Structure formats: C-alpha cells, structure tokens
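Going in written order, the chains are labelled A, B, C and D, and every chain counts its residues from 1.
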Amino acid sequence: MLKQLTSLVCISLVVLNALAHNNGLALTPQMGWDTWNYYGCSISEQTILDAAQGFIKYDLPKYGYNYVVMDDCWQAPARNATTGAPIADPTKFPSGMKALADQIHSMGLKFGIYSSAGMYTCGGHFGSLGYETIDAQTYAEWGADYLKYDNCYNEGQAGTPKLSYDRYANMSFALNATGRPILYSMCNWGEDGPWNFAPTIANSWRISGDIYDNYNRFDERCPCLSMIDCKLAGYHCAMTRIIDFAAPVGQKAGTNHWNDLDMLEVGNGGMTYDEYVTHFSMWSILKSPLILGNNVLNMTNETLEIITNDAIIAVNQDSTGSAAERMWKVPVFSGGDLSSWSGSLVNNTFVIALLNTSPETQYVTVNFTDVFIDQGPSYQTGTYVIYDLWQKDSAGAWGKDIGTYTAAIPDVEIG
Amino acid sequence: MLKQLTSLVCISLVVLNALAHNNGLALTPQMGWDTWNYYGCSISEQTILDAAQGFIKYDLPKYGYNYVVMDDCWQAPARNATTGAPIADPTKFPSGMKALADQIHSMGLKFGIYSSAGMYTCGGHFGSLGYETIDAQTYAEWGADYLKYDNCYNEGQAGTPKLSYDRYANMSFALNATGRPILYSMCNWGEDGPWNFAPTIANSWRISGDIYDNYNRFDERCPCLSMIDCKLAGYHCAMTRIIDFAAPVGQKAGTNHWNDLDMLEVGNGGMTYDEYVTHFSMWSILKSPLILGNNVLNMTNETLEIITNDAIIAVNQDSTGSAAERMWKVPVFSGGDLSSWSGSLVNNTFVIALLNTSPETQYVTVNFTDVFIDQGPSYQTGTYVIYDLWQKDSAGAWGKDIGTYTAAIPDVEIG
Amino acid sequence: MLKQLTSLVCISLVVLNALAHNNGLALTPQMGWDTWNYYGCSISEQTILDAAQGFIKYDLPKYGYNYVVMDDCWQAPARNATTGAPIADPTKFPSGMKALADQIHSMGLKFGIYSSAGMYTCGGHFGSLGYETIDAQTYAEWGADYLKYDNCYNEGQAGTPKLSYDRYANMSFALNATGRPILYSMCNWGEDGPWNFAPTIANSWRISGDIYDNYNRFDERCPCLSMIDCKLAGYHCAMTRIIDFAAPVGQKAGTNHWNDLDMLEVGNGGMTYDEYVTHFSMWSILKSPLILGNNVLNMTNETLEIITNDAIIAVNQDSTGSAAERMWKVPVFSGGDLSSWSGSLVNNTFVIALLNTSPETQYVTVNFTDVFIDQGPSYQTGTYVIYDLWQKDSAGAWGKDIGTYTAAIPDVEIG
Amino acid sequence: MLKQLTSLVCISLVVLNALAHNNGLALTPQMGWDTWNYYGCSISEQTILDAAQGFIKYDLPKYGYNYVVMDDCWQAPARNATTGAPIADPTKFPSGMKALADQIHSMGLKFGIYSSAGMYTCGGHFGSLGYETIDAQTYAEWGADYLKYDNCYNEGQAGTPKLSYDRYANMSFALNATGRPILYSMCNWGEDGPWNFAPTIANSWRISGDIYDNYNRFDERCPCLSMIDCKLAGYHCAMTRIIDFAAPVGQKAGTNHWNDLDMLEVGNGGMTYDEYVTHFSMWSILKSPLILGNNVLNMTNETLEIITNDAIIAVNQDSTGSAAERMWKVPVFSGGDLSSWSGSLVNNTFVIALLNTSPETQYVTVNFTDVFIDQGPSYQTGTYVIYDLWQKDSAGAWGKDIGTYTAAIPDVEIG
C-alpha cells in the first residue's frame, strides 16, 4: 500500500524558519487526540482525564502524540453575565478548567480547547464571535495549549476570503496577545480557500467538511466534488473523498501551516484494517495533523499498531514539511481510481504511495520518471534502496528493505 | 410510496432547546395557508376571511394548520407621506388590518403578513428595505403573528452571504424589538446560502425559486441544476426539482430554523393524486413548513385526505426536528430517478421514503444497511415493525401495520 | 420561421404602471439606431445628421424608431480643465452637441449619447466614473434624451451585484436629478446579473458581450456558455448565442425595464436574409430594444422589409411587456438545436416562434400543451386562428391568416 | 509550426496613444531576463552582474532584451527597524542595490526588482503590503526600472476584483508618485480577472499560476481548467496549458497593458527544440512579455537561435499591439488538440500559427475564411505572399518566402 525509497533510519530534524503564524508551534504537524469522533457531546472532566490515562497506558507521547483536545460541549449554558468571560459547565467539569489543564500538564501532556467563530458553537453553546479577546485571555489563564476554532453560526461573515480571514484573524491576534503559545487550529471547513489566506494566521486549517468513519461512500451531506470554491462543505465526508479534496492543495502546506484533513477515525470500526492503514498513511504523507479520534483507553492491537507505526509517523513529522503530491490518477474499469503519490523527505529520501480505491487488486509498475517529475532526469535514472513501511524488518522495526531498483519498481501489487 | 419503520402512535412531544432565532416560535415547522398560489394578487379582506372560514369548515386547526397568511398586494399605492408607515389598500381592506387580524384571532387562528426586503415587493408595491423598523412596529400593532419576507428589487444587496444576512437581519432585529412574537419566514430563494447564514435570524428560509403546480417538467425560468451557488433562482420550479434542491441542505434544518420548500400545490390541479401524495410526503419528511396554497373553502375529498393525513403530519411535526436524508439516488433507464430517503424520529422510530420519478413502476428491496447508515451495525441488523402511512388501519386511522422485517424489506413496489 | 396564434390586428395599447426606473420612459422597448455597428469610432456631426436623414427618407418613425444614438468617440481629448465638464471633439462636431441635438429634435427625432462607467470609455476616451453629476447635467443641457452607459475600465468596481449596482445607480440618480427625462440604457454586458439588480435604476440592460454579424459561430472572445455568473463577457458573440443567453432571463423583463440583446446587425451583410429574419423576430419577441446598427442612409429592400415588418414590431411593442419563453429545446443530430418559444400578448393573443439552428430543414408539430404551459388546460384544448407574421395578407399587410387549428399545428416546416 | 502572411520586412513602428497605466512604458511587451526560473532563491549581486554580462556577450539588447530583473530572495531578514525601509541582504549584495543598479545602467541595461502584495514574499521574505509608499520610494532611489509584484500571503485581500484592484493599485500609485518611470509587472496569477481590472494600473499582469519547464503534462498543482474564475492558480502549469488559459483573454491585451504568460523556459532543458520553438512563437504572437528564464551566460546555439529570431520578435513587438486569436481548436483522436491562430500586424500584414499538441503529425489546409474572420470577405478571397518565420531566407535572415496563395494554404504539415 505504501512504499518508500531509501532509508528513513537517519532522519535529522532541522528546524526551518517558519513563515507562517509565528507562535513557534507546529513546526511539524501537531499530534494528539480529540473528544469529538468518539464521544461527541458526551464529555466531562473524567472523559478527558481517562483519555490522558490512555496516552500514558499506551505510551503515546513516545510516538509524538501530546495534545489532549477537549472539543465542543464543555460550556456552561451562559457566559459570565458581568464580565462576558466563558464558563465551563460546572456539572461536567466540577474541578474547573484550570485544575483540569494542570492535571493534563502534570502528566506531561498538553491541553486543547474548542470554540467557534460564530454566535454559537456547532453544538449550540455560546460561540466566540465578538468575544475573541476575553475568550483567548481566559483560555490562556486556564492553561490551554491549543484551540480548535469552528465555523458554525457565523452570521454571514463568510463568502469572500476577506470576510473569513478577518473573522479568524481576530482570534489569531487575540491568542498571540495573551503571550502564551497556543496552537491555533482553524476549522472553517475549507470555505473561501484557507490555504490561500490562513498561512500567516493559523497553524493548520481544515480543508473539508467533517469526516465520517467510512472508506469511500458518497454522502449527499458532503455534496461538493472539489473543495476549491465549494459553497456547502457539509459533513459525512468519506475518508478517500477527503484525500481527493487534499490533492490540489498539498502545495500550500509547510512548516507551521498545515492542511488539516480532519481527525482520524482509526479504531472506530467503520473501515477495515487495510482501509485504516490507507487512512493513516495518506494523512501522514499529506502532512495532516494526526489527531486521534478513537477510544484511546481501550485499543485493539491492530489499532495500536497502525497509530504507532513510527516509520509512517516519521514521514509525517519529517522536517522538510513538504506534502506528497498526486503524480497521476486513473479511473479503474470496475470503479474507483488508482493513483500514485510522491513526496520529498530529508536527506535525499522520498516517499511513494499507491492508492487503489477500486474493488479489485491492481498491479502497477512504479516509474521513476513519474516519481521524480519534480527532481528531473538525474533522479529519474537513479538506483534506490526501497523500504516497505508497512512491513517490519528482522529486528521488528517498521520499514523492511525490499530491494534495490533502477528506473522503476515493477509489478507492485496494491489492494 | 412512503413507508415508516415501527409505530408513530405514541409520539411524545419533547421541546428541545432551540439554537436559532430566539422568538420561541416554529419549534416544529409552521403550518397554515397562504393566499399566493391560488389567488395571486387578487386578494381582499373577504378572501382572507373566507379562507379562515375554510379552516373552521374543514377543522384544519385540529391537524396543526393555524397561520392564515396574506401574501403580496395588500398595500395601498403609497406609504403614509408623513410617517412612512405602511398602509393597507383601503378598497381591498375597508375594515383595516387591525380589524382583520382581530377577526382571525377571534377564530382561534393566527395572522400572517407579507413584505419584501427590497424597494418594491415582487408585485410592485412598496417594499420594506430601509423601512424595517416602522414596518415591523406597524405589523405588530396590527396584530401580525407571521411575516413572509421576499427578495424582489433588492438594489444589488445580494451576492455575498454578508449582504444577504445584513439585509434580512435588519428585519429580524426589528421584529424582535417589537416585543410581539412574530414568526419570521425568509424568502430569499436560496440566494447566498441561507442554510448557512440564516439559522440565527429566521424561523425558516426558502431554498429555491417559486414552485409551480407541476410534477417534474424542466422550465428554463428555474435554470439552476443545484441551489448551492445558484445565481438565478427564478420561478416555475417543478415539485420534484425542489426535492432535488433540498437533498443536500436537509442537514441544516432543525428546531426553530427550517428549510422552506415553498407553499404546497396540493389541490390546485396540476398534478395527479399520487403526485400530490409524494409532494405532501416529501415536504413533510424534509421538515418543510406546510403552508397550503389551494382553495381551502372548497376542497375535494382527495385533497382533504392528503393534507389531513395525521400520520404524515406527525412525521413533519416530530420533535427531533431532523430532516430525512437521501441515502441513494440512481437514474432509471427510461428516464427519471429512483431514490431512497430515511430520517430519525422520536422513540427509536424512523421514516423511510422511496421516490420514483421515472414513468415506470419500480421494485426495490429496502436494505437496512442503507436506511441506518447513520445509526450503524446494531440498527442495520434489527427487526422492525413496518407501517405504511398512506394506508389506514382497521380503525380507519392512517398508518397500517404491514409486517415485521429483519435486515431488509423485500419487493417494495413504487409508482 | 415565426408564427402567431390569432390576430394581431386590434392591439390596444394599455399603459401599465411601471415598477422600474421611474422616468416614465421605455414603457415598451426603445427603438432607434446607434452609430457603433456600422461606423465604429469614425463618427462626426455629419454621420449623425445623415442617419437622421435616413430615418426621414425611409419613414422609420412611422414604425416606432425614434432614437438616434451617438456611440463612443464623440469626445474631445480631455474634459474642461477647470470645470471637469465633458467636451465634444471640436473637429468632428464643429457645431457643438447642443446644436446637433436641436437639429435632431427639429426632425422629430430623439438624441442619444454614450459614456462608460469607468475611467475610460471602451474606445479610450474619458469615462464618467466619478463625473456622474457633471456629465448627466451636461448631457441634459445639450438636450440628450438617451444614455448608453458602458462598462470598460471600471477599476475593479465589479464582481458583486452591490459594486455594479452602486456604480450604475450613481449615474441613474444623476440623470434623474437633471429633471430631463433621459432613457438610461445600461451596458455592463450582463456582469453580476443586471436582471436582478437593475430594474429599479435602468430602462434596459445588456445581457452579454457585444454581438457580431454572424449567425452561430463560436468565437473564443465570447467564452461563456451562459451569462448567469459569467466572469468574462467579452465580445464577438454570435446572434444565436445571445438568444441562448437570453432564454433564462426573459422572466426579468417588463414594462420600463428590458433585457437588451444588443444592437441589430440586420443589413450589415454577415448573415442571410432568413438569418436576419430570425434575428429581428427573436429580438422582438424577447422584448429587446430594437436599435438598428446598419447604414440607415442606404438600405436594400430586403433589409427595409425586415426592419419595417410592423406585425413583428407590434409583438415587440405589445403593452403586456412579457418576453417569450423557450418552452423546449432539443439538440438536432446534424448539429444545432430546435427550440420552441411562446409569449403572451394583449387580448388573448399569443406569439409562437420555432427556431432551427441545425443545417437541415425540420418538421415539427406545434403542440398547444407546450405553447400554453403557463395558461393551463382550458387554453391547451382551444381553437385558434393562426397568422404567419412573415407572410403578407391579400391587402399586402404583414400577417397572413393560415387557418384555424385545435390542440396543435401539425407539420410546420422550419428552415 | 508558424507561418506568416505577406512580408514582415517593412514594419513601421507607430506609437499609439496608450490607454492604460500612463507611465509611458511597455508600448510593446517588455523584454528581458529574470533570475527565478534558473536560479530560484540562490541569487546574489554576482548572479545579476553575470547575467548582465550574458546580455552583452550574446548581444541581446540588439534584439530588444533590456530588463535584468532580480526576483525574490534579495531581501535582508528584516526591514529597517526605524524607518521601515526595505534592506537588501548585505551578504548577497555587499555593494548595495544602488551600486548594482548603477552597474546595470552603465552596461546600457535596465534593472528590475521584485516584491509581493502580501505580508511576505513567496520565498518568505518581507512583503510590501502596507509598505507600498516607502518601498516604491526606495526602489526608485535605488534606480529600479521595473517591479515584478507577486501575490503570496495577501491576508485574504483577494476574491473580488475590487479587493485585488485596491491592493495592486496602491503600489501603482506609489510607483507613479516617485516620479521615476518604473514598469509595473503585476503577478497575481490571474486571480479575480486582472484583464478586467488592471489595464489602467499596470503594464502587464500574469494570467495563471507559475509555468514549469514541460510541454503539456497535467499537474494537479495547477488544477483549474480555465483561468476565468479560477480559485486556485497554483503552479507547475505546463506550457501549452498556459496557452489554453491565454486564448480567451487575448482580447484584453493592448499597448501598455499586456497579458503575461510567465517567464520563458527556453533553454532550461525540459522541452525539445520544437517545443521551445512553439513556446517562443506562441508567447510572441499572444503579445506576452518575453522575459528569459534560462542561464544567459551560457547558451546553446539552438537556444540562442530561438530567442533571437528577430522575425518572431518583430511580431511580438509589432506596434498594433493586438494579440492573435484562436480561430478554431479541434481535438485529435490520438490525444491533444489542433488549433489555428491569427493576428493583425501593421501594414496589412498578418500572422498565422498552427498548434498541434497531439503525438502525431497533422496535415491542415489553412482556410483564409478562418484566418480573416474578423476582416471579412474582401480579405478572405485575397492573394498573399507567405513567409515561414522559422526558415531563413537566402541571405540568412529569418523569414523565407514560401509562395503566393489565394483563399487557402493547402497541405500544411505540423509537428
């Protein structure tokens, strides 16, 4: 399913100058977990702490996962009537947000919070539109390290890049003004082209409507065929449709400013093992943030293997920060498509992915002319050591040497 | 044509917290009657009172119909030259609007009025653009309970969600400021995506150009193939085309904020009995307001049966406020499409609709995997009691038990 | 090519209340002549006077033609350096504009002028953007009765209906403020949907890029396939392409506010007699202004016959002001399309047109169900006297009775 | 590949009145060289001077090349902290910009500089948004003759023509205010239709995402199929795709305001000789600026021959300033298209190009009806002397007389 040219063994992390949102965060795509995909609105102090325990139980920080993000529905029914400050639901969060964040921090993890650039959040709680300053200040006082900032009920302040930029920039400036480094994760569903307007104000931006735990089913609630100029992002977007949406905008990602393909569904049960492998691999090579969305307290071995494949994660976290590009895509007679992706990594290392969404196994010769279209003739005729990142080597580490090839890798079987 | 899983008998009305336009109205889609489809511009005090008599004659309030809405052409040639207040046409409305509303109220009904967010109404009378405050105040003084607010002659104040939002929000705020609860029914024909910008300001919004009394004829005056980013909504939109327009935006409807598929044509003669059954059923499951558009003084038994099917109305008025989604749509070789719709109701009850716009009868197996795509495996393998809401039970009530099924309902005949 | 149901003999002109631009002009589509199509930039005082002589020579006012419009290139190199007032080119117009207008008026004709809502006109002369008040005032002082107002060099003040509206409304208000009735002919090439925003500010608006004297050749300089949301109107639009553009927007035309399909090419030599008949007929039934663009000093009999067919002109000038709609359009195997149009006239009279753009003769049965789709069953089964408006009766008048038909006109030959 | 009707020998340069950006520059498309395509970010004082030496070595000014343009990455890490003035990187440019410009001037050449209408340049250096006045002033003080002004990191100030116009006009006005004539080369990648809004503020505007050195490969990073209303211009646009983008907008080019098809790739190795001939020819007849992008210090004879074909350059620099139009384009069964282009030059001279992007040789009869569609019948039946501009005459000059033809040139072989 995914193959890589030459070794990933000696990746040296080089911190580039970040052009974008200058809070010094997300030099590589952020990694963590978010409450929404598994718990939806049913969250509490205990939910968050349990998840944090899951991080420790499964040693997730070793692989890079460190943000525990509390999504929507943490809010009390109303803001503080006098100050306008946000208040957490005292029933769900009896210890208060600051205490919760302290506990998360004491476990060596970081704490994320959620709001919406609208009158309400998507779950119908108070939103932050018009309250950017006090909200950012309060989040900072609580000890938040991360803000996911949604797009519901935005009062018509969308439809041109300028309107969307202004609305989201207000929160960006408010977060910066707190002095606390808070990773800013924009979630405006790709409206008005955030890949064009957001690199200077956010660490990442969503590029589509919400994912759902399905490989490739078309759902009318995610109606657009492309996210370039889509006027109804919707939700219930199948996993491979989001990959299609991501293909043309990979060029816009880079250190400190990433395309967010939405939270992972790995482990939630709606796809097969191979489909989740594809999901995790493609999110990684497209340099999406890797935010888990499953029950991290209780994972099967299969789920755990996928999300802790450190060779794949190394591709995601590679310091060049360059998303893989789709070099070609061809329809398959029986339905679906076959596509080839390649991307640059550090130290003359490259990653190749072949994606087959048809119902049948495909055989492909991977031509180096395609793989190295950006690098040119000298690379196209080279000789490479190839590693399969979904096989383990003799020592049990991800990434098995499968031989040396010149000009092409013949007869690759996919799916 | 329409089938429903398990019983509708014991629907318990649970009032949810409304997120949207906070006037406390339209917790379920509004029901009533409007002058336009039958009378057009030829209305008067007597027309309205006659219709109200029709409500009583046919016992319509028992089924939920309570708004008597006076559409365009009630206006005098000009506003009050001194105050700018709107004036009713003294010839058509000799008793005055307040007296008319009082009479409507005395019959236990509610009174609706019409204007346009433009310089003129669509019929060429004075519009409310720039007169929002005095107009809302006057409507409230007259005793209006409902405002249909049109989009003609809007002076270029459209084309971005912000421009449309601002124009319609002005009236929303003006209505709220009166202190009188007035249901606010936006009619901007789906321009600029009201499903995105209007939930916080209106109780319902039109999603297309005007309906006409025809099943599926393409008319060039309704030229767009989708209402997502349509720049010419037009009119003469056939009934099933509006269903197509509604499919992707059902996700945006909910308690207090509804997609309005336009007034009903049931009883006006342009469609067959079966087509009107489809019309009324689909409007109901998509949670459109049910605003009658026929002559309610004089209805055939067939018309009356359709509009008083209380099982169908119960689906429309179900307190979950969740519009049915189109699970699949396939073209039929002889023309037209076959589609399947399903929606959640209270108490683990669901509604299924199969829609056949082809000229031939179709046979379908209704697969529970499709029906319960949102609910997942545990529902997909369940056993359900099925009721056909267009058959009557042995006691003469709508909704006949047609058996118990597991995993699928085989051999359903449609059309 | 064009047939009409029942007689046109006794059309009674009823002046309706105009909703739009309230200067009292263009109750029916304006008729006249414009310098551009024949002379381009090579105009002078003499050109205009010669054309006016042509009006008299051929008795054109008898048929309704009364505006002599001077298009671009009348301007001096610069405005008055002190007052900013526009100045006519003293070489081309030695007598001055006021004297020219007086002469035109003395011949019983009306005088039109041209400018652009931009920094320059399309021909590179000074435009009126920012000079609306002084320009309107000066045109009024000169005695202008008509303004064609173009769209070149608009400095980015386009792209939303609001920007286009504001720019064109400025001139509308300035013209009204002069106190002189000046017909306002907007020429923004259909950008931003003038059919939506212009009815309250203009008497007519262009709906496309410039016509050229060709029947149906696709030219890349007129690249859009529809004018709904076209971002490059261009020019060199063939005649039948403009008809396609007009089809969905006919619904927006009415008394005082017309879709302008651009000036006529009849007599300029690029089309055949039959093609010019189609051109003149379709412009007429779509209620376009009829502005001649040929050399009116010297016309062939064929040209003169076409432009003075008073039966066709009567359709155009019919007081109902309702544009014909395209009832159906089907592709022809050999290329091109066959389409049917029908429209309402006064006194229960209707006009039908059949348009064949294929290279072969077509035979059609004109079904009254199609023709009277808007009028309904009672009309669809009626009996009608049919007149062919391109044949002459025994007295030599346009419009020959070709029989009485019920439900359909069989075996109509077209093209 | 390219043929021309009648002689190019006696072209007389007539300076037309320029309508556009009134700095008196670019009466014909600018010619020169830019650092980006060959050097990317790896530039220095020496790079620029070496290139200038290349101009002298190969006698390029004789052919019209005179601008040496320094693209991105000349900047110091930050502006002057006190004045905000831009500062050049002191390591790369130890002598300073003024000294560099002086040297360029002393060689008889002109000096170009680069910035972006955004917070950063595309390479991540400080941009000019908000610094227009001081930047223009500083460039003028340094002696710059040309500004290429890019579009990266524009903070959402795009999406409507007005937003783009305002942003780019600010720099236009600032450049004019310096009093120094500085050619203004807009590079907003065709966003918001610069062909519509930029003629009055710029000498040229880019019409697409960045070119790459490839004949016709589709690359997803250049995803739009047309640049009319493209919302993601991207980069990696193959050469013939840019020709497709240019086809409908040629009508908008003219003296002083040109469509810029991007810098040339001739000599960079990604295309064949014939493909580079096509590239240079099409850029020339479409009246694109001719800005070399190869290593001008060291050129092969083939490269030099192409870029110094003075017959082709004469077409580009012809004083009528009229871009060739695509008269027809037909798909070829084996893939790709065959198209025909023609354009007017001075003195009744015309240029014809036939473009074959299929893999096979094509044979075509060039019909004068197509060639002279704009000129009409009198030209279509004429007799012409034909010159092939890619053959040399007996004296060794480009442009060989290949015979005299009436009505058509039969059996032309292409590709």
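Just so we're on the same page, a contact is a pair of C-beta atoms (placed from the backbone, for glycine too) under 8 Å apart; a residue touches a chain by one contact, two chains touch by 3 or more.
Since this is a predicted model, take the numbers as computed values, not measurements.
Following contacts chain by chain, what is the lowest number of steps it takes to reach chain D starting at chain B?
2
I need the rotation angle between the copies chain A and chain B from a CA superposition, between 0 and 180°, in steps of 5.
The C-alpha superposition of chain A onto chain B needs 90 degrees.
Would you mind checking which chain's C-alpha centre is most distant from the centre of chain D?
Farthest by centroid: B.
Validating interface symmetry: for the copies chain A and chain D, is the fraction of residue numbers used by both over half? Same or different.
Mostly different residues: under half of the interface numbers shared.
Any idea how many Å lie between the Cα centroids of chain C and chain D?
Averaging C-alpha atoms per chain gives centres 40 Å apart.
Could you give the separation in Å between the centres of chain A and chain C, each centre being the mean of its C-alpha atoms?
From the centre of chain A to the centre of chain C is 56 Å.
Using the touch rule from the top of the page, what residues of chain D touch 2 or more other chains?
Correct list: 160, 163.
Which of line, ring, star, complete or other matches the graph of chains that touch?
Per interface graph, the chains form a ring.
Under the stated touch criterion, can you name all the chain pairs that qualify?
A-B, A-D, B-C, C-D
Write out the stretch or stretches of chain D touching chain A in their complex.
Touching chain A: residues 119-120, 124, 153-160, 163, 217, 219-221, 223-224, 231-232, 234-235, 270 of chain D.
Applying the document's contact rule, which stretches of chain C touch chain B when the two form their complex?
17, 19, 160-166, 169, 192-193, 195-197, 199-200, 226, 228-229, 247-251, 325-326, 373, 376
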